[in-house]
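Order as written gives the chain letters A, B and C; numbering starts at 1 within each chain.
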Amino acid sequence: MGGEHTVRSYDEELSHLTNLIARMGGLAEAQLEGAVQALVKRDSDLAGKVIAGDIKVDEIEHEVHSFTVRLLALRQPVAHDLRMIVGALKISGDLERIADYAANVAKRALVLNQIPPVKPTAAVPRLARLVQEIVKEVLDAFVEQDREKAIAVWRKDEEVDGMYTSLFRELITYMMEDPRNITACIHLMFIAKNIERIGDHATNIAETIHFLVQGTPIRELRPKGESVLPDPSQADRDN
Amino acid sequence: MQIGGGLPLQRNGQSVERDQKVTASDVNVFYGEKHALKAVSLEVRANEVTALIGPSGCGKSTFLRCINRMNDLIEGARVEGRIALDGQDIYDPKLDVVQLRARIGMVFQKPNPFPKSIFDNVAYGPRIHGLAQTSADLEEVVVTSLQRAGLYEEVKDRLSEPGTGLSGGQQQRLCIARAIAVSPEVILMDEPCSALDPIATANVEELIDELRENYTIVIVTHSMQQAARVSQRTAFFHLGELVEFGDTEQIFTNPQQKLTQGYITGRFG
Amino acid sequence: MTDMVDQMRVSAIAEKVNARLQKRYAVEKRFRFYGIASIVIALSFLAILLVSIVSKGYTAFLQSEMHLSITFDPALIDPDGTRDRATLSSADYAALIRSALEARFPDAADRTGRREVMGLISQGADLELRKMVMADPSLIGGTSKVWLPAAASVDQLLKGHMSRDADKGGQFTERQLGWIDSLVASKDIAGRFNKWLFTNGDSRQPELAGLWGAVVGSFYSLLVTVALSFPLGVATAIYLEEFASRNRWTDIIEVNINNLAAVPSIVFGLLGLEIFLNVFNLPRSAPLVGGLALTLVSLPTIIIAARVALKAVPPWIREAALGLGASRLQMVMHHVLPLAMPGILTGTIIGMARAVGESAPLLMIGMVAFIVDIPAGPMDPSTALPVQIYLWSASPERAFVERTSAAIIVLLCFLALMNATAIYLRKKFERRW
C-alpha cells in the first residue's frame, strides 16, 4: 500500500507475517482436503495423518501470536500496518479453528469407517467442496488484499447455510426411516456441522480482510440462509 | 480511561459540537518569492488539542506562527487569507497585535526563560499588561500559574533564583507557566518536547491534557506518537499544503489520503 | 614470497607516513616559535617604550625646595595691623624672601650678588609665601623656617640634568655654585614631593607648572563627551538594530558608520572649528567644544560596540518577550538592553579611553592656548592632558623635558585605569546563556 517503508526491516517483518498466514492457510486447506478424502474414500490412514497434522497448525498459530506482539511493541504501527497486524492475529485464530474442525472431521471419519456406509455420505462431499472453495478464495483474497473477493466470499456463507440445512433435513429423514442408520447419521451430522463452522470461520476471515483493506467493518448483518432453528422473530409473527 | 489524547466530551452519547476558536480560510504565506503555505483552511475547536504534523519544511510551524502573527517579525513575510479568533479577523488593522499576543500565548521549541528570577519570569506578562493591581495580586497570579503548570511544588522555595538554573523540563514548564500567567485563550506550542527527555516529555503531555480544560491548544510536533497521544484533532501538512485534517483516531487508524498514510507509517523518502 | 613483498611494501608505507608525521611536528614547532617570537618582540618594544618614558619622567615627581628662615615682618606685610585680606594679598613677599636670602648668604650684598641669589629661588616663591600667610595670618610677626621651591635651573642641576661647567651648558656662576653646595651641605635644599605638578595649572616657571588644569579640562571634556555620545550612540544602535528595516538605506548608513570610525580625528577637529566655533560661536578653547569634537570621534565606536552587544543577545529572548505580548519597545528596554549593557559599557569605556588621548581635534579648536587658571566649568577656556603634553614638549626649558614624560606617565596611568575598569565590568557582568 503506497510504497515501501523507509526502514526496510519493517517491510521484511510484515512480509514474514503474511507468509506465515499464507503457510498456515495452505496447511488448513490441506487438512480439510485430507479429512474429506478420508471420509469419502474410507481411508483410515489418511484420517490418522490429518489428526496428527493438526499440531503443526497450532505451532504456526503460536508463532503468529508472538510475532504480532513483537511487532506491536517494537514498531508502534499505525493505520494500514496496524490493521494488517491485528488482522493477521485474528485470521490466524480463525485458521487454527478451521484446522481443528478438519481434524474433528477426520476423527469422525475414522469412526465411520468402522461401520457400513450410508447414503447421505454422498451429500457431505458437496458441502465440503463448497466450503473448500470458500476457504481457497478467502486465502487468495488475503494474499492479494482484494476487498471484492472478500465480499464475494462473505456473501457465499448464505449458500453454505442453505446446503447445510438441506443436508440436515436429509439426515433426519434417513434416521426416521431406519433407526439402524442413527449412529452413522449422527456422526455425519456432526461432520456437516464442523464443515459448516469452517465456512463460518472463513466468513470471519473475509470480514477481517475487508476491515484490513478498507478500514471499516462490513456493517450489514451476515446474510443468514434458511436456518434449522426457528427464528425468534418468525415465531412471534406466527403466534 | 484516557485513550490517545483523551476522549472528546460526550453528552447523551453524542460528541458536543464545540465552538470554533480559531478558523483559517484560504491562508497563503510567502517568504519573499517562496510560497510556504498554500491555501490552508482549517478550524481549531475550543478546549481541544489540535496537532499539526508533517515532515520538515512542510509549513506547520509557519502556520502556527501565523495564528499569533509572529510571522510579522520576519522580513519579507507576507500573509494572505483570513485567520479569525472567535470570528474576528486577526489581521484587521484595527486590532492591536500586542493585545492579540496576550490572548494567544506561545511556547517555543527550546525552553527560553528570561535570565531573571523564576518569579519575575512568570510575573513579566501580568506586569506589562497591567493584570495585577497590587503586589499581593501579582503573587497570587504567579503562584496559580506555577501550580497550573505543575511546577509550584518543585520551586516554591526558590522563586527568587534564576529561571535558567532549572532543568530542561522544568524550564519548559516555567515557560508554560509564563504563558498561562496572562490568561490567554489559546496556547500555541511549537515542538515543546523536542528538547526534553522522555520523563519531562511525559510531564508536559500530562500538563497539556490538564490545560485542555481551560485553554485551546495547538501543538506542532515531529513525533507522531506524541500527536496520537495528546491531541483530539490532527492536521497533516506536506510541502505547504494541508493534506488531511480530522479526528486523531481516524487519522491514525484509517487515514483517507495515501500521502497521510505514507507519512505516518514511515513510507516516505 | 608475496609475504615478503607485502612486508616490504608495508614498511615502505610506514616510513612515508612517519616522515610526513615528523614534518608536521616540525611545522607545528616552527609555528609556535614564530608566535612566541612575535609576542616577545612586541613586549620588548613595549618595555623599551615604558622604560624610556619612566626613566625620563620619574624625576619630575621630586622637586628641589629650599628651607629658608623667613621673618614675617609686619612692617612689610601688614603695616596697619588690620590683617585686612586686601592688604595681605598685595604685600611684597618677594622682599621677605630677598632679606631671608641675604641673611643666609651675607656675601650676596652687591647688586649682582643680590640678583644671583634671587636666581636660586623660584620666581613664584613669593606667591607661595602669600598663600601661606593668607591661610595662616598668625605667622605675621614671627620667624619660621619654610620650604620654598627652588629655581628650575637649580633643580635641574641637582638632578644631574644640567652640567656645572659653563662650557657644557651650565647656567651658574662660581659664586652660585658655591651657595648651592653650602645649601646642600647644610641640608637646606632637598628634593621633596612635587605637589605643584598635581595642584597647579600651567606656568612659565617649570618648577611651578602643574597638570591639574589639564586634568580638569580633560575631565570636563570627557564629561561632555560621555553625556552626549553615550545616549546618542546607544539610541542609534538600538534603532538600527531593532527597529529599522533592512533596506538599502540602512546598509548605506552602516557602511558609513564603519568608515567614520576610521576617519583621522583631525578631520573632526576641522569640523569642530568650522561649525562649533565659526557658526555657533561657542567659546574657543572650552571643554564644551572639545567635548563636542570628541563626541564625533567616539560616536562611531560606541555605535559599533553597542550594535555588536545588541546582536549578541540571543533571538529567543526577543521571541519570548514578543510572544507574551510585549511591544517592540518594551522588549528592547526590558530585556535586550539590560542584557547588552555590559558589552555597551565596555565599548563606551574603550571609546572614552581613546577620546581622552586624542589631541588633534583639540588642537584645531584651540585648546592649545596657554591657560594658567583651573577651569571652573565646561565653558571656561582650558587645555587637556594630551595637549598639555604637546605644549610642554615644545617648551625650550630643560625642566619641561622631565615634566613631559611625567605627564605622559599620568596619562598612561589614567588610560590603564579606564581599561581596567572596562575589563572588570565585562568580567563581572558576563553572562552565560
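Simple rule for what comes next: contacts are C-beta pairs under 8 Å (C-beta built on N, C-alpha and C of every residue); 3 or more make two chains touch, one makes a residue touch a chain.
Computed from a prediction, not measured in an experiment: that's the story for all the values here.
Among the chains, the centre nearest to the mean of all shown protein C-alpha atoms is found for B. No other pair of chains shares as many C-beta contacts as B-C. One simple way to say how far apart two chains are is to compare their mean CA positions; for chain A and chain C this gives 106 Å. For the pair chain A and chain B, the distance between mean C-alpha positions equals 51 Å.
Rounded to whole angstrom, the centroid-to-centroid distance between chain B and chain C, based on C-alpha atoms, equals 60 Å.
Under the contact definition stated at the top, not a single residue of chain B touches 2 or more other chains.
Chain B contributes residues 68, 70, 73, 75, 98-102, 105-106, 108, 110, 112-115, 124-125, 128-129, 175, 178-179, 182 to its touches with chain C in the complex. Within the complex, the chain B residues that touch chain A are 224-225, 228, 252-255, 258, 260-262, 264-269. Within the complex formed with chain B, the chain A residues making contact are 1-7, 10, 76-83, 215-216. Those residues of chain C whose C-beta lies close enough to touch chain B in the complex are 245-246, 316-317, 319-327, 330, 334-335, 339, 431, 433.
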